[in-house]
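Shared between the two complexes below is chain A, which pairs with chain B and chain C, respectively.
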Partner chain A sequence: MKKLYLSIITLCSLIFNISHSETLEISITEGEVRKTNIAISEFYSSNDKTADIIKKINVVMNNNLMSSGLFQTFDKQAFMQKPNEMRFRPKFADWRPLNIEILVTGKVILVDDKFKIEMYVWDIIRQKQILSKRYMISGNSWRRLSHLMSDDIYTRVTGETGYFDSRILFVSEQRKNNHRIKKIAIMDLDGANIKYITNGRYIALTPRFSPDREHIAYMSYKKGIPSIYLHNIRNGQVKFLGKFKNMTYAPRFSPDGKKLIFSYAVSGRSNIWVMNIISGKFTQITNNTYIDTSPAYSPDGKNIVFTSNRNGSPQIYSMELSSGKVKRLTIGDGSYTTPVVSPRGDLIAFTKQSNGKFYIGVMNVDGTGERLISNSFLDEGPSFSPNGRTLIFFRNDIELGKTKLMTIDITGYNLREIKTPYGASDPNWSSLNKR
Partner chain B sequence: MKIKKLFSLVLLITIISGCFYDNVDPLSEEQGNLPVPKTESGFYENSASEVGQKFIESMSDTIFFKYNSEDLTDEAKLIIDSQIKFIKKNNIRKIIIEGHADERGTREYNLALGEKRANVVKKYLVSKGVNSLFIQVISYGKERPLVEAHTESAWSKNRRGVTIIM
Partner chain C sequence: MKKSILISLVMHIVVVLFFVGINFIYPKKIEVPPRVILDVAIITDKGIKAKKADIKKQKKQKIKAVKKNIKHKKIVKKKTVKKKIIKKTKLKLNAQKKIKSKTIKQTKNKTISKKVLKDLKPKKTVVSDSNTKKNTFTKKKESKIINKVKYSPNKSKITQDLNQKITKDDLLILRNQIKQCWKVPAGITNASNLITKVKVELIPTGKVINAEIYQTSISLSNHFMKAMSESALRAILSDLCNPLKLPKEKYKQWKNIIITFDPKQMLN
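And now, the complex of A and B:
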């Protein structure tokens, strides 16, 4: 079995009629995916000391694959065969009644203070092993290993690269004495391992990963005038991109990590600039009297997309960097902001605002084929998963009175919340961690 | 090979960065006190000098904007005119103009809009003879609403420019 094809049927499921001077219809497309039935057995071990870690790994793997929306997981109570009965090979017939298509088994062996883990993935229909992998970890990295194994299963079954071993940068929004404390925070995709990068004393916004995940660029009010800072994750060092007398904001890294593109606001005009992080040289990219902001590179680094109000309302434009040629991409009703290009280079995700609602949408890089995939009172700021398959964005839930992080498949399927301790906004999805 | 290249890049950044960055102390984890709003709607932390206090008590420090607009309304102009009178009479030499937006826009765009609004107020002050060197602008985008509600009336109060006398 090379690939298990996932049939995706796109449906127009929700149609909103908005009463206006004339009736305007905005449809949200909601994809539908046939899920693969997967049973993830707890791994076998002859040593009782491994029982705890085996349980924890199993929970994380089930949660990962279930949350992708491409798999249906099953409660182990329903399993016919126990881990020790499948040490060598499962009895395929026992898994048929549950309609299991894929079975995951494994072994854990304690070697000194390390765990040697073997994982096997079985195709129940064709009755054969389709993946066998070995890993060696120390006890405290069981969570990371669970993500790596989930990625290996996802990749083998769907044919696309997994993304569970990645991290999310965001702004944590905590309420305290009627103030909103906004801190830059980082966590695993499943919400575990939250760490705070800034201390909340000053507003800090729009954090973005460098492509190698070693640095974070963000904007902070620390020195009075809002400015961009570069934070080294490894040593905690913070650099201030000085030299600017006025506000610099909306930073994003170039795909090679050597440049930072951002907006610089002077006298009510916002233009796009690029800083070479290595040489410290600044280059001005746009020069007009309007608002040009939210710049982002294409994965090949040759083009940028950005938001501009040069023709009235905010719309999305692209620019070929070598020629400086600018093209307007959006022409629809309402305003279009926060464009980002998929790591695959084939789609642009954006925020659309129209008739009092906010939408997350995707379109082709030439601006055609617009599809809106989510909407609410406020949905904002999409960021692509490393494989370009899923988006993360934030939603202001006005009933709960907090902002929260949501993920959704680019087809509009599988909308989910990623739980965070406080409100959360401005999510930015990392590339995959290094193996 | 790749790691070596990366390492030399990081090293290079470290060396060069010393030349042109201002170094900032690594952030401590201690919880700081947030600036307390001392004006009617502004948040600037060093505000409320004696004269600044007198300014707030004697007139409105805040003007409001229409949706997605940075144009000064006639009403706004009247308010700024009285602010200018105060600035000139008291020989004020440090003024901060805050620009704010409502929540009906994306974060980065609203930062730009707030900056545009603050500059419109600044330009008006300068056109009436206030020295531009005395004025600093700062945009808070949609980060600091005056009224935390999700209604037209709240939004109209959050689209604002605030004058702070230091």
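And now, the complex of A and C:
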């Protein structure tokens, strides 16, 4: 009986303790901004015919993730486990000494002439598979697949949309006998797969992707008169849109891809115009005696940003298209040009010239929070990555005597050069390809 | 004549039977060993109980979390044992007192005989004694007692600390440690309101044995939220954060922790 009483008392005290036990709560408001350690193992295959493609895919994926500035990749020589040992599941303990956080493994199976590829992404610390995906490709599309898989990893780990499966348009500047040949070229983000759109007989400038990345609009000085052309990437057809004798800035597409916006000078006054590609109709957006130039649409198509000297030096302004209301965004010293709005719609990137230097900067869409993220003798023409996280621009390298393409994170970190065979300028970053 | 011989015989038999029988009826007399003078011999009801409880608490901490039901059963058993021991010791102490009353009066200390100590030993009672080396105990038994004596004062401290609350300094150390383990995903640089609450279960060494997402500010179907909450889990399970720097004596208070990961400050 005594035992019974005691056990009842114990039970009651236990319940009392549980109900009254306070859980400690703390708040962490800061963390480290460091690269994620990722190991990309070569994929497993039982067929020797796949060995070459496996190596190529591995190299491209490593380069992609490393170039993003958010990942630290590792040499496969340091890996404790071989691909065949990880066919089903890796041994997590073997990866922790290397401080690996994310591990990528996979399998390649040859089915007729096609490759069936399975990719697995593992969280080493949580000891969990966080992504598994299957792809089917033909042998010649291994490069695109590498970019797609890199995007999938990037998105899964960072939460951001990947951008490796995007392309860069630029003007290739080749020197020949003191003569500069300017051609419009297209390449993968890693500098591979370069194709030339124009032949170099006429100067071609300011190429811009359409939002669906099917068309390219560019200016060409055929017969000395600036003209706009529309190039279809799929079939190579070129459409002439018109001659613009006094065009002061190259066209950019509207978000729906149906219109082009540009600045055009009539009797000494530069104003902003919109051209409907389908109907060929022109609409004047600004009408004043100042120089309004370099217009670009916001991602929702409701606003435009442009440069104007209406208050003295060139500054950036925004305009609500429905009301025509204009707002000045920059107030700093120097001149601000080439504004572009991020695909996210949260930032505006621009070129700033001040005290004999050029800067690439970003600011909020309301003009606040200006940050200059790069500077040199000549940095110009920023263009956002599809996820709005990185910028591409061109830099004039005086030592080398040529222009080159640079990418930089919007935070100002991870400045990198994209290698091109010749000089390169005026880059434009495409949207992501449709899957 | 014969009658008297018979009576004397009967009387002799009775006397013999009496002396033989008395050994069966009454237990043997206690053999009193040579006297041992102990400086401190606290064998009070309260003292034993308190020290017993202390030993148990320390054992509990060493073996992580011991189930309270089992503990209680042990306490009940040991309490009954204690009562028996106390009775025995009292009886035997009285016997000793009678024999060695003079020396006791002189030293004014309580004495414990070998027999008493032998009885106490297997039943794990605590006898604090600075002159234990002089005793005839075996070395093992001696060390056991010394250990118990050594632990007992700490235990009383621990019981006091258990009631103390975790200080701001404790939390600052913990925050700084977790801060170093948390790799904030790149996505959050432009995404606000991504708060994750992680429920963490720890063992007394400070090692995390379980961590799970307790609450998120928005749905986990959001890519940023997912990456954010996973980074929080990785932080708490990382080698850098295991064990967590927490005062061990206050384990009861940090056995379960809810950690809120809020990157808002980083955005500013």
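In this text, the second predicted complex is superposed on the first by the 393 of 435 C-alpha atoms of A that agree within 3 Å, B and C clash if a C-alpha of one lies under 4 Å from a C-alpha of the other, contacts with A are read in each partner's own complex, and residues count from 1 in each chain.
In this section, a residue touches a chain if its C-beta (ideal position, glycine included) is under 8 Å from a C-beta of that chain, and two chains touch if they have at least 3 such contacts.
Computed from a predicted model, the values in this text were never measured in an experiment.
Visitor: In this superposed model, does chain C or chain B come into contact with more residues of chain A?
Guide: The larger set of chain A residues in touch belongs to B.
Visitor: What is the contact status of A:Ile277 with respect to chain B (first) and chain C (second): first, second, both, or neither?
Guide: first
Visitor: Who does A:Thr293 touch here: chain B (first), chain C (second), both, or neither?
Guide: first
Visitor: Examine A:Pro314 and indicate which partner it touches, taking first as chain B and second as chain C; both and neither are also allowed.
Guide: first
Visitor: Report for A:Arg134: first if it touches chain B alone, second if chain C alone, otherwise both or neither.
Guide: Touch partners of A:Arg134: none, neither chain B nor chain C.
Visitor: Taking the superposition as given, does A:Val33 touch the first partner, chain B, the second, chain C, both, or neither?
Guide: A:Val33: touches chain C, not chain B.
Visitor: In their complex, what parts of chain A are in touch with chain B?
Guide: 176-177, 179-182, 196-203, 205-206, 212, 214, 222, 224-226, 229, 236-243, 246-247, 249-250, 263, 265, 267-270, 277-280, 291, 293-294, 307, 313-314, 335, 337-338, 351, 353, 356, 377-378, 380-381, 396, 398, 425-426
Visitor: Under the touch definition given earlier, write down the residues of chain A that touch chain C in their complex.
Guide: Residues in contact with chain C: 2-3, 6-7, 10-11, 13-14, 21-34, 36, 70, 96, 99, 101, 123, 125-126, 130, 155-161, 344, 346, 388-389, 410-411.
Visitor: Which residues of chain C touch chain A in their complex?
Guide: Residues 68-69, 72, 76, 166, 171, 174-175, 178-191, 222-228, 230-231, 233-235, 237-239, 252-254, 256-266 of chain C touch chain A in their complex.
Visitor: Tell me, which parts of chain B touch chain A in their complex?
Guide: So the residues of chain B in touch with chain A come to 6, 9-10, 12-13, 16-17, 19-34, 68, 70, 103-109, 111-113, 115-116, 119-120, 123, 136-140, 143, 150.
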